[in-house]
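Paired with chain B in one complex and with chain C in the other, chain A is shared by the two complexes that follow.
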Partner chain A sequence: MATSEIRGIDEPAAGVKTGPASANLQDEASWRWLTLSPTVIVFALLTILPLANMLYMSFFNVGWAQGSMVLTPVGLQNYRDIWGDNLFLAGIRNTLIFVVAATSAEMVLGFGLALFCSRITRGRTFYRAVFILPILIPGIVIGAIWKLMYNFDFGIINQLIGIVSIPAQDWLGQYETALLSVIIVDIWHWTPFCFLLLLASIEGLPQDVYEAAKIDGASFWQELFRITLPMMWPAILVTFVFRMIVAFKVFDEVFLLTSGGPGTATEVVSFTIYQRFFTEDRIGFGSALSVVTIFIVLMLLVLTLSARKRRKAGA
Partner chain B sequence: MTGTVGVRTWWVHLLLIGAVVIVIGPVIWIVGAGFRTQISLLMGQFWFDPELFNFEEVLFSKTSEYLLNFRNSLIVGSLSTALCLTVATLGAYSMHRMRWPRWVVHSLLGWALIFHLIPPIALAGAWFAMFRNVGLDNTFTALILAHATLNLPMALWLMGVFVREVPVELEEAARIDGATTPALLRQVIVPLVMPGLAATAVLVFIFSWNEFPVALNLSLKQTATVPVAIAKYAQDFEIKYTEMAASATLSIIPALILLLVAQRYIVRGLTAGALK
Partner chain C sequence: MRISRFGNSSPRVLSLLLGTSMLVSAASLPGRLQAQEVAPITIVINQSPWFEGFRCIVETYEDETGNVVELDVNPFAGSLEKQRNSVRAADGLYDILIMNSGWYSEMYHGGFVTPITDIDPSFELDPAVDSNDDTVYFDAATGSSDPESGKLMSMPIAPLIPLLMYREDLYEEYGLEVPETFEDLLNNAQALHNPPERYGIVQRGARGPHTVAYDFYPYLYGHGGKIFADQNSGDFTVTLNSPKGKQALDYYIQLAAEAGHPNTASLDQAEVIQAMVTGKAGHIMTVIAAWPQMDDPNKSIVVDKVNLTVPPHAPGYPSAPAFGHWLGGISHNVPEERKQAAVEFFKWYQTPESQIKFAECGGVPVSLAAYDSEISNEREFRWMAPMKKGLPLAVNIYTFPEAAEVIAILELELNRAIAGETSTAVALNTMAEQIHEVMQRYGYRTGMLEPLAE
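Here is the complex of A and B:
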């Protein structure tokens, strides 16, 4: 909506520009290149080149001799090995569970909080300031905080459930609770982000619709399902996709909390790549894992975009 | 009527304060743990006499390199932010206001989006191999370039939003007055997008400060940043819980300062990025 509006202003201006500015045309043409070239250079040298290099390495066995790389071609062997890599397969499974469970919970909680917060007039700035805090804390610090809180012997969580006589749990150490515990940390970390975006979107809704609804005697639930949710749909979708993307990259918390354990209970894709590529120094195989992961991410993007297009076409 | 509204607000506040406790509780608990002795923490005592021992140990002990890590994070954070914003401001202006063909803008922004989706650990691998081949491994240069690149998609996107908000008429007027492109950028565009620039800068700096997977794999002892140092505390054979808590507490100070002085910008940056 905003873009089309601005483009609307842009078009006639473009026609005006050619007139008086034509003296500067030469200057403008070179500056046009000068301003865009840093972006193009950074993308070419620091994103496309290293990724292409990684794709290349994924067809080799990579070793080191006197500080330089030694490449032995292995064809598609690295890619064939992936399907036998139980760590990676567990990583994919857990990442998907993690992404779906964490983002869904964050969206529901964040939306609820935003809805409540939009109903009050005083103190909104205070709540917003507090809820920004987790977004700004390093993921690794959040891992550290919760590692201490989950601790079997002295963690505050076992102390709290001890008050109501629930036996202490080894939250991160037992298979049944490990992934759930990591998901809870993520919910704590990112619900405020969803809250913030959804509150901003609620605040941007036109008020006259609500006044009309009030005059018509709409109930709270009617207002929610007939007005708020339909109008917020685009914002909800964007926030959801945003969160899914970031959740898919999860690494810091897992690194500190569980290192993928116990067993493969909390193994996630990023952590598998880290182990194979860096810890085990299997650069060729690690590259192949990265390539496959990037491919999966791209497929998810295509699916999301086409789903959105179909929805638009349907509506 | 007013009575019912009052009761309802009271109820909502209670709920929100519950959420506040859940959000702040863990942070207060870790700060508290930083002031405890290891024994007091392990015994699970609720009340304790605050001590500065852990902070002294983290900051000034001979075996601790925390001050060095802090300095490294400041260097990497500020220089990568400066680089990222320079590239992004010029790029965003060029893309949105210099009449590039559509496919140029679309392919650049499209690639930025795809790049943003890639897990940083996969990029860390790609950069690690590349920087090692050109002899830049374990240097600040490598880490600064990596962080600037990592945050470039977001910065391009945000600066695009802010640049488009500048009225074209102002640019026209400046052009008619004979302003060259650098003069136009310096005297019209940059002053007008300053609030947006500040919002983007705060976010890029914080994201660089917090970044872990790339910093972990592109740095050694001398260039390690704060998150890498904190991870080391947790990985030691015998976890020094209280020192880990103290270093974690110190690491969130910059974010707290920014939250106090630049909250408006942070909200603006976070919401503009997603909703426009």
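Here is the complex of A and C:
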């Protein structure tokens, strides 16, 4: 029996003394809290403590002398320095472009592929396997594959465009094409993620609605815009949010393909933090960058979810 | 010897087990191995082209002495992180840290390595061993590499410097002379420039951890330029944007434009080496560690066709290859017997016999005894003569622990200048200003030149 049902029936009015049934319920709730609390506490600590530690370190400069750590409190200086860090600012700009472009393209392509797979009757398993293949490949291998494909001298892309007399391009080395080239790799890598989530959603849609629409003579586009998309909206939003957050964390593709170059053309936030925190060993400043980045991701999340709420309220 | 690559869960336990097994073997096969004399040690090292030579020499050490050495092998950045984690812990995991020129200073200043002579006061660096621009010494009071006032902090392990590699067969075909000056190099590169089949020179202009900046140093210092006025005397006045610095950067870009690869700004070291071994480059200036690939028939179509010389220079200035060397330091937080064992390894490593063997193994020796030995006359070892010539000329670029921040600035702005996004004057002024800010932030005695006219 579901707990909500029991509550609905047995919930006592205010001021009414509770009987044995509600006492049992209270026991049950206490027991539930008691058994769950260790997990909740551990989980909370594992989540909160590292973040709290990072926040704490962001107010210090960390140095080393005679083999020991030397913490120098600097107040908000690390945060003030962020706005003078041109690399980080370029990283924010590029990351936002990257997130919007890559996530939008992956959503559209993933949805198209999911729709295609849900409609065909023959070869569905084959197509599914092919479409999800890129997501199974390790990031380092993807870097190698695309580094070879983009190679100026012997890359397959330049060889193909050479057939139609288009001059070879330095895809990863030109300002005009570098970020776009990395976005294309990300789309290739992550579209299967959107495809899988959206396919699961499409296949879960009630078929009787489609049958009714068919009887009413609805066209494909009418079905798509008036039935499929409205019913899938929650799944689309969840997929979009997941992808957006993961896209914001992009690192491996940039690290492997361009190291943020040429210039700052492909600099992204994660790469800047890697540079500042690990390579330069600026633990305090790197922590401040990380805190600001987490804040930006949370803001994006809040904005997206509030857009959903507004849409719900307007519906 | 046990080698663990890119991951190591319990090296102490395993090395103890190995040590025990070695003892058992030695006891059961008298005469084959001597009894183990010192504690087993663990060396953390990077996986680089010269690693196989080092592995070979460590095996020889084990065979000759019966001592046990474990190698923890990592990618470049991974090695640094492991070293940092180990030396910052209460008990260190690694006894010998193989430190790059980019981070040895961080280890010295942080107090993470124990001076060798503090462990064994009788230890002396063999006179034939190159001190790598005295970077093996450190004076904690002044922060300088002064052999007089400083202590011996480390043992040179691989004295890597860049050399100019050129196509000897094409030089003969075109009747070219080995270049001495930058002008010679430009002329020769133009003579061999036949794109897209072959580029006169392929340079390393991409932005990376230490990519374009490392490629640029021989041009900068070979033109008489410098990043700082005089680091060893504590004068960190930024002199990068001097007229000589501008000449150097202008030349670098001219070379790329007139005789180089069209996409110099996106090429890293692997692509530069690849261009040479695939016959697409007339010249490359790259670190000596890449040499074994040139004569490896499995990797190269130019076997026995490449020769080397020291980097060219502007008239009136010496050739100035920049150190990208590796030093071995003994961790401060390991037990005393392991520190002693590490010193024993260094004593053996610096002997002329070991160094000749190291060269035969494919390593780059630190002792002039190897460069003067018979093998240096053999065709296979033709890289030894220019190395011998280049080592005394080599310059150490950074002596302070915050070097990574300066390198990051150089990587970005040099790349932008080479890509044509900014002018050389703007790039140099920007770099100088930002480097000055970094040095000021850390309290160094610093200053700036007047900006170049833009």
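Convention: the second predicted complex is superposed on the first by the 265 of 315 C-alpha atoms of A that agree within 3 Å, B and C clash if a C-alpha of one lies under 4 Å from a C-alpha of the other, contacts with A are read in each partner's own complex, and residues count from 1 in each chain.
Simple rule for what comes next: a residue touches a chain if its C-beta (ideal position, glycine included) is under 8 Å from a C-beta of that chain, and two chains touch if they have at least 3 such contacts.
It should be emphasised that the depicted structure is a prediction, and the values quoted were computed from it without experimental measurement.
Trainee: Is A:L87 touching anything from chain B or chain C once the two structures are fitted on A? First, second, both or neither.
Mentor: So A:L87 only meets chain C here.
Trainee: Based on the superposed arrangement, let me know which partner A:T239 touches: chain B (first), chain C (second), both, or neither?
Mentor: first
Trainee: If we overlay the two complexes on their shared chain A, which of chain B and chain C does A:P192 touch? Say first, second, both or neither.
Mentor: first
Trainee: Compare chain B and chain C by how many residues of chain A each one touches, and report the one with more.
Mentor: Tallying touched residues of chain A, the top partner is B.
Trainee: Please work out whether A:G286 is in contact with chain B alone, chain C alone, both, or neither, and reply first, second, both or neither.
Mentor: first
Trainee: On the A-aligned overlay, A:A65 touches which partner chain: chain B = first, chain C = second, or both, or neither?
Mentor: In the superposed model, A:A65 contacts chain C only, not chain B.
Trainee: Just checking: does A:F278 make contact with chain B only, chain C only, both, or neither of them? Give me first, second, both or neither.
Mentor: Touch partners of A:F278: chain B and chain C.
Trainee: In the superposed arrangement, does A:D153 touch chain B (first), chain C (second), both or neither?
Mentor: Touch status of A:D153: both partners.
Trainee: Report, in rising order, the residues of chain A that make contact with chain B in one complex and with chain C in the other.
Mentor: Of chain A, residues 68-69, 153, 278 contact chain B in one complex and chain C in the other.
Trainee: Going by the contact rule set out above, which residues of chain A touch chain C in the complex?
Mentor: By the definition above, chain A touches chain C via 64-69, 87, 152-153, 168, 170, 172-175, 258-264, 275, 278-282.
Trainee: Given the complex with chain B, which residues does chain A contribute to the contact?
Mentor: Chain A reaches chain B through residues 2-3, 6, 9-10, 13-14, 16-17, 20-21, 23-24, 27-28, 31-32, 34-36, 38-40, 42-43, 46-47, 49-51, 53-54, 57, 62, 68-69, 113, 116-117, 119-121, 123, 127-141, 143-149, 151, 153-154, 156, 159, 188, 192-193, 196-197, 200-201, 204, 235, 238-239, 242, 245, 248-249, 251-252, 255-256, 269-271, 273-274, 277-278, 283, 286-287, 290, 293-294, 297-298, 301.
Trainee: Over in the complex, which chain C residues touch chain A? Could you list them?
Mentor: Listed in rising order, the residues of chain C that touch chain A are 77, 81, 84, 87-88, 106, 109-112, 196, 206-209, 211, 262-263, 265-268, 275, 280, 332-333, 402, 404-405, 408, 412, 415-416, 419, 421.
Trainee: Which residues of chain B touch chain A once you look at their complex with the stated criterion?
Mentor: Chain B residues touching chain A: 8-9, 12-13, 15-16, 19-20, 22-24, 26-27, 29-30, 33, 41-44, 86-88, 90-91, 93-95, 98-100, 104, 108, 111-130, 132-133, 145-146, 148-149, 152, 156, 164, 167-169, 171-172, 175-176, 178, 180-182, 185, 206, 209-210, 212-213, 217, 226-227, 230-231, 233-234, 241, 244-245, 248, 251-252, 255-256, 258-259, 263, 266-267, 270-271, 274-276.
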